[in-house]
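Some structures to go through are shown next.
There are two complexes below, and they share chain A, which is joined by chain B in the first and by chain C in the second.
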Partner chain A sequence: MTRRGARPLAARRGTRLADLAGVGPPMVLFCLFIIVPMIAAVVLSFVTWNGLGTPRWAGGANWAQFFRDPVARTSVLVTAKVVLLSYLVQTPVSMALGLFTAGRQRYRSVYAAIYVLPLLLSTAGIALMWESLLDPNFGALTALSKSWHLGFLQQNWLGNPDLTLYVIVAIIAWQFIPFHTLLYAVGRRQIPDVLYEAARLDGASPAQMFWRVTLPQLRYTIVTSGILMTVGALTYFDIIYIMTDGGPGYTTRVLSLDMYNVAFVQDQYGYASVLAVILSAIGIAVAVGLVRFTGFGAMASQQEGAV
Partner chain B sequence: MADTPGHPARRGSHRRWLTGATAAVAVLALAACGSAAGGGKGSTTSTSAGAVTMWLVTTGPSPANTAVQSLVTSFEKSHKGDHITVDFVENQSYKQKIQLAMGAGNPPTIFWTWGGGPLQQFIKAHDVYSLGNPSWLSAFLPSSMGAVTYHGQVYGIPVEGTQPVYFFYNKSIFAKYHLTFPATWSGLLSTVATLKSHGVVPISLANGDQWPGLMYLEYLTDRIGGPSVAQALQSNAPHGWSNPAVTKALEDIQQLVKAGAFQSGYDSLHFSGGGSDALVYSGKAAIQLMGDWDISSMLGEDKSFVTNGDLGMAPFPTVAGGSGNPADLAGNTASYVGISSHASAAQKKVALAFLKEALTSTTYAKAEVAAGEVPVTKGASPLFTGQPLASYDTTIYNSVQKAPSFQYSWDQAMTPQVANVMLTNLAQVFELSQTPQKFESVLNSQAASGS
Partner chain C sequence: MTRRPRAGRTIAFLLATVWLLVVIAPLYYMVLASFRTQGTYLTENPWVPSGGLSVSSYGTVFAAGLGRYLLNSVILTAVCIVLTVTISLAAAFRIVRRASRAVSVSFAVMLFGLAIPVQAIIVPIYVLIYKMHLYDTLFALILTLSAAAIPVSVLIMVSFVRDIPREMIGAVLVDGGSEWTVFRRLIWPLSKPVLATLSIYNGLNVWNNFLLPLVLTQSTGVAVLPLGLTKLEGLYSVNVPAVMAGVLLSVLPLLILFIAMRRQVMKSLGGILAR
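On to the complex of A and B.
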């Protein structure tokens, strides 16, 4: 965390050519694999094409369809719910676990190792595992509900329209909380002990230390983790695809899944491109908005004199 | 379940997203260099003019695959200078692979197809060579040719067994409660009530996949309104979905759901996990409506259940006042191969000669039977003798032979634009979260915009 932004501009002028040479190859790859496909998607969004033959010019028909399509409207809403719920669930739990595992006691590192386990599993594996655990006829939860007489565990977890979205959000949280826990643990360990010593000398209670020292010092960890959670949840696909494929009905059909279905199941590449463009636009807007709003872009060390 | 016959979208659905991602990249790449690819249209990658390439879908090593290879070898021996290269392609990724190859104008000479709506898309894009209507095609049962016939022209040749749908049931449960399999819809409802009163789940349904529910709609519309209803729907006839037979069928489905016929969580269970089969052979549930591949699945999952003769099989019941013939079938008529119109004249000639010789041969029909399939070539009955599932195979073969109408699975017969929306909305009908009227209006507008 050196203060790179504060380096005088004059010092960089001499290295402009070297900068270009260094940036060149990644820029070429970036253009080829990010920019060109993005432009292609925008162009495709104005044609009717089933993947065969010549695409036909459709004008704004695909875009008009988006605003009339009830499934797309549902998908946008479901996506918003997944993003919001994921953020609200994952942030407090990750922070609590992160602060806990940041402690130097040995038993805490044992916990830290256990908490990190889901991070090591493949997403498809996680989805299949939960699918069989939650099976209403042969699943472990159903077996538990029978042997321990815990009736509330006997639910149609993945088939009840009022329940499934929350189950999915919980499983996504289960998968990603370990990662954010790591971020918070690292963030906490970087707070210099002198700050706590000073607070203690001033007679601060543990709660005050949390609100006045820990939380402000974790500000950028919160921002980083928040951006990763939001943008990640926005394009979330695999677990939902494997476990419910958007069902029951359309209740877990997020925008990325809708796009996949329209493109590769319904062979409507033009309209699917509209969904792709909208999804990218929302993603970029949210990311830029978060960076601006939180001052992430101008991020610099807050620990004057402590580094 | 290496030898299990099944449907493209019906076996082990969990790997689809990988292929989807690959296809996404490929489409973008295609789109990016569309103009370049356009110039190559009509050419093929093969070097020699008569060299034929062939893509066949496989779910694992099977006697049928070996048979194709040996038929190729003997064909090359008797036709000096002709070469056929066979590529066996994994089933899950195939749909997108062939779509991309066709879109790029660079498909193999002989391509595998499930017929129906997707094949029609290829035909409309002038990607498929018309076989016309030659007399040698009469070697196949007529009911198997509908899925590859378009405007009176034939575009495909059956290459794999037929897969009609039947009710399968646990005979010991039926014996225990002194039941026989009902021949009428009202009989089915009272059987459901009886089974329920004994604490048995009446019917197992893997509707997490959505297509198992479709089988009910296919059969009910046929039994109520006859085969013409489905034909009108498949041609995207205006307001076709408002047909009273469809309405009645949807209402009957909801009546079955309301009667508590299905196990809890029927709307999230997947067939590929084996859960819906397990309910039946473990005795938790009594009945399942499924394609004939279920016999092989059950055999793989609980061998003694099948070999002890506990697996019963029955046709779909009749509906009072309906005009459909009780011998009508629904399901997958067969799988097929077509010839690409992008191939050279020499390639087409070789391909046609080979397919005619190989697919009408007894050698191939025998190999299919050994692979646990029911071939659609005429006069195949004697081949079942001595096979482990001979009694099932014979029943299936005879019912296909006698069926006045064998309607092709709607999700395959219809254009992809309609099929996907139909499946999702029908699943909502099964969950009672969608009325028949709403279902019909959604499908009518999708059919109007998709045609």
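On to the complex of A and C.
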């Protein structure tokens, strides 16, 4: 009822104090450790600095270095491969499992609970587990290949340049499909049953129901999951750092790993910041692109209007 | 007419069971391997519980300092959860009340943070922490991990507090209550379920984070579990059972929580994702 101007002065002062107490702490924390470093990353990309001594202004030298650096070029390519493959592998599997676990049968909720288990493991734990499982000498797959005479299971999974990238993509999928399955299950449960009943009355087949009802209704979920998947794969670091450290050769050296090495192994903070800025620029571009491309903004407002 | 859906259901069941095996098999392997000794790990079939099992690996990892990592992780996670959840609820309350322009601007700035991956700012964060003389302390991890959790937390809390009817807030104010009374009597009690949800979500992220501890700490005294596990691997690169025991022990607290609160966790993860 009371507009801002009509409030007594004391109350207004109280409100201002409350604002400061409420928004102040998170803002200080957030600005100090996220916003300031972000600005600093951009500034650092124009200086030469090894962490000790004084930073020297470098102009565009670091940026020019990026375009001459063959390792960086490889990293960009490897990153693109990881992102694309991750998306193509994880989306259909997560959608199928999500739709499955959203079903009403009791055993499906038991399945769903087991599917979640990989989410509890830390990335470090997952990396260590798969590392020993895939060990070419004593690993579990090698043992399987011996007892079942399946020769192809005995591979140098993490040392073969033609294979390792795919192994990494598979392990990332193992880690993240549970999360996206959950996402799709939630999305499916939010579709009103009425739509399916109407489709059934119209004589729609299960396939038609999937294409005409389920898929369009899942748009929101597909976009959210797609953004999280792409940006997640783009900044993927932990598993690759622990399992292959970019090897064999540079075959799994993604951009975030390249940046880590340039910064903390080679002590080139300026050039590392170039890689960091490029990494976040691609991330933001991909997210914005996906939002535009799928008309996510229009959908969000449509939803808001409905509520 | 009835045959096709049934056939479809069978295929779905079979495929879902294949994925179930894909999830369970590596975990089963890990559990079994952790109960081997170094000798039986090399000689026995890793899929069959034969040749005698032993718990000696669990003793080995505790002797190697896993208890310390566990303690560090518990402290870090608990402090981060309490910190982020309280301050983001308070912020969400002010943002929804839309009291001033500064508040709205702050919200926009924080939302912008959703697009910034920690990897992209890890170098300046390292420099900053170093200059603040916080390098190699748990405090450095508390500050940075909490800051990283703020955008998502505030967003989730705002979308919740927004659903609290304005009339309820108005009623408290008309009765002569202050903003503080509104927060304490209304917002805080109503938010408890969402706070649990957010705690689980943030807790998982903090507990499992690897990059920040890797860059911001060094000594074993402040190592948290994910980092500690890789240190274990460095120490015992040939002792796979010990490493597997370490990984399992690091999951155990989460697993117990998960089994105890399975419904809440599934619902809350789902709830957060639905936003």
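Methods note: the second predicted complex is superposed on the first by the 268 of 307 C-alpha atoms of A that agree within 3 Å, B and C clash if a C-alpha of one lies under 4 Å from a C-alpha of the other, contacts with A are read in each partner's own complex, and residues count from 1 in each chain.
Please note the rule applied: a residue touches a chain if its C-beta (ideal position, glycine included) is under 8 Å from a C-beta of that chain, and two chains touch if they have at least 3 such contacts.
Quick caveat: nothing in here was measured; it's all calculated off a predicted structure.
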Would you mind checking which one, chain B or chain C, touches more residues on chain A?
-> C
Contacts of A:Phe264 with chain B and chain C, given as first, second, both or neither | both
First (chain B), second (chain C), both or neither: which does A:Ala124 touch?
-> both
Who does A:Ala72 touch here: chain B (first), chain C (second), both, or neither?
-> neither
Can A:Ala40 be said to touch chain B (first), chain C (second), both, or neither?
-> both
Check whether A:Gly246 is in contact with chain B, with chain C, with both or with neither, and answer first, second, both or neither.
-> first
Looking at the overlay, what does A:Phe138 touch: chain B (first), chain C (second), both, or neither?
-> both
Should A:Met95 be classified as contacting the first partner (chain B), the second (chain C), both, or neither?
-> neither
Report for A:Asn50: first if it touches chain B alone, second if chain C alone, otherwise both or neither.
-> first
If you stack the two complexes on chain A, which partner ends up touching A:Phe237: first (chain B), second (chain C), both, or neither?
-> both
Considering each complex separately, which residues of chain A are in contact with chain B in the first and with chain C in the second?
-> 36-37, 40-41, 44, 51, 124, 128, 132, 135, 138, 237-238, 241-242, 260, 263-264, 269
Where on chain A is chain C touching in the complex?
-> 1, 14-16, 18-19, 21-23, 25-27, 29-38, 40-41, 44, 51, 93, 96-97, 100-101, 108, 111-125, 128-130, 132-133, 135, 138-140, 143-144, 147, 174, 178, 182-183, 185-187, 190, 205-206, 224, 231, 234-235, 237-238, 241-242, 256, 259-260, 263-264, 269, 272-273, 276-277, 279-280, 283-284, 287
Provide the residue numbers of chain C that touch chain A in the complex, in ascending order.
-> 4-5, 8, 12, 15-16, 19-20, 22-24, 26-27, 29-30, 33, 41-42, 45-47, 87-88, 90-91, 93-95, 97, 99-100, 102-103, 106-107, 109-110, 113, 115-128, 143-144, 146-148, 150-151, 154, 170, 178-180, 183, 204, 207-208, 210-211, 214-215, 225-227, 229-230, 233, 240, 243-244, 246-247, 250-251, 254-255, 258, 262, 265-266, 269-271, 273-274
Footprint of chain B on chain A - complex, ascending | 36-37, 40-41, 43-44, 50-54, 65, 124, 127-128, 131-132, 135-138, 156-159, 161, 164, 237-238, 241-242, 244-250, 260-261, 263-269
Hey, which residues of chain B end up touching chain A in the complex?
-> 13-14, 16-17, 20, 23-24, 27-28, 31-32, 38, 96, 99-100, 102-103, 121-122, 124-127, 208, 210, 263-270, 273, 275, 278-279, 284, 416-417, 419-421, 424, 427-428, 431, 433-434, 449
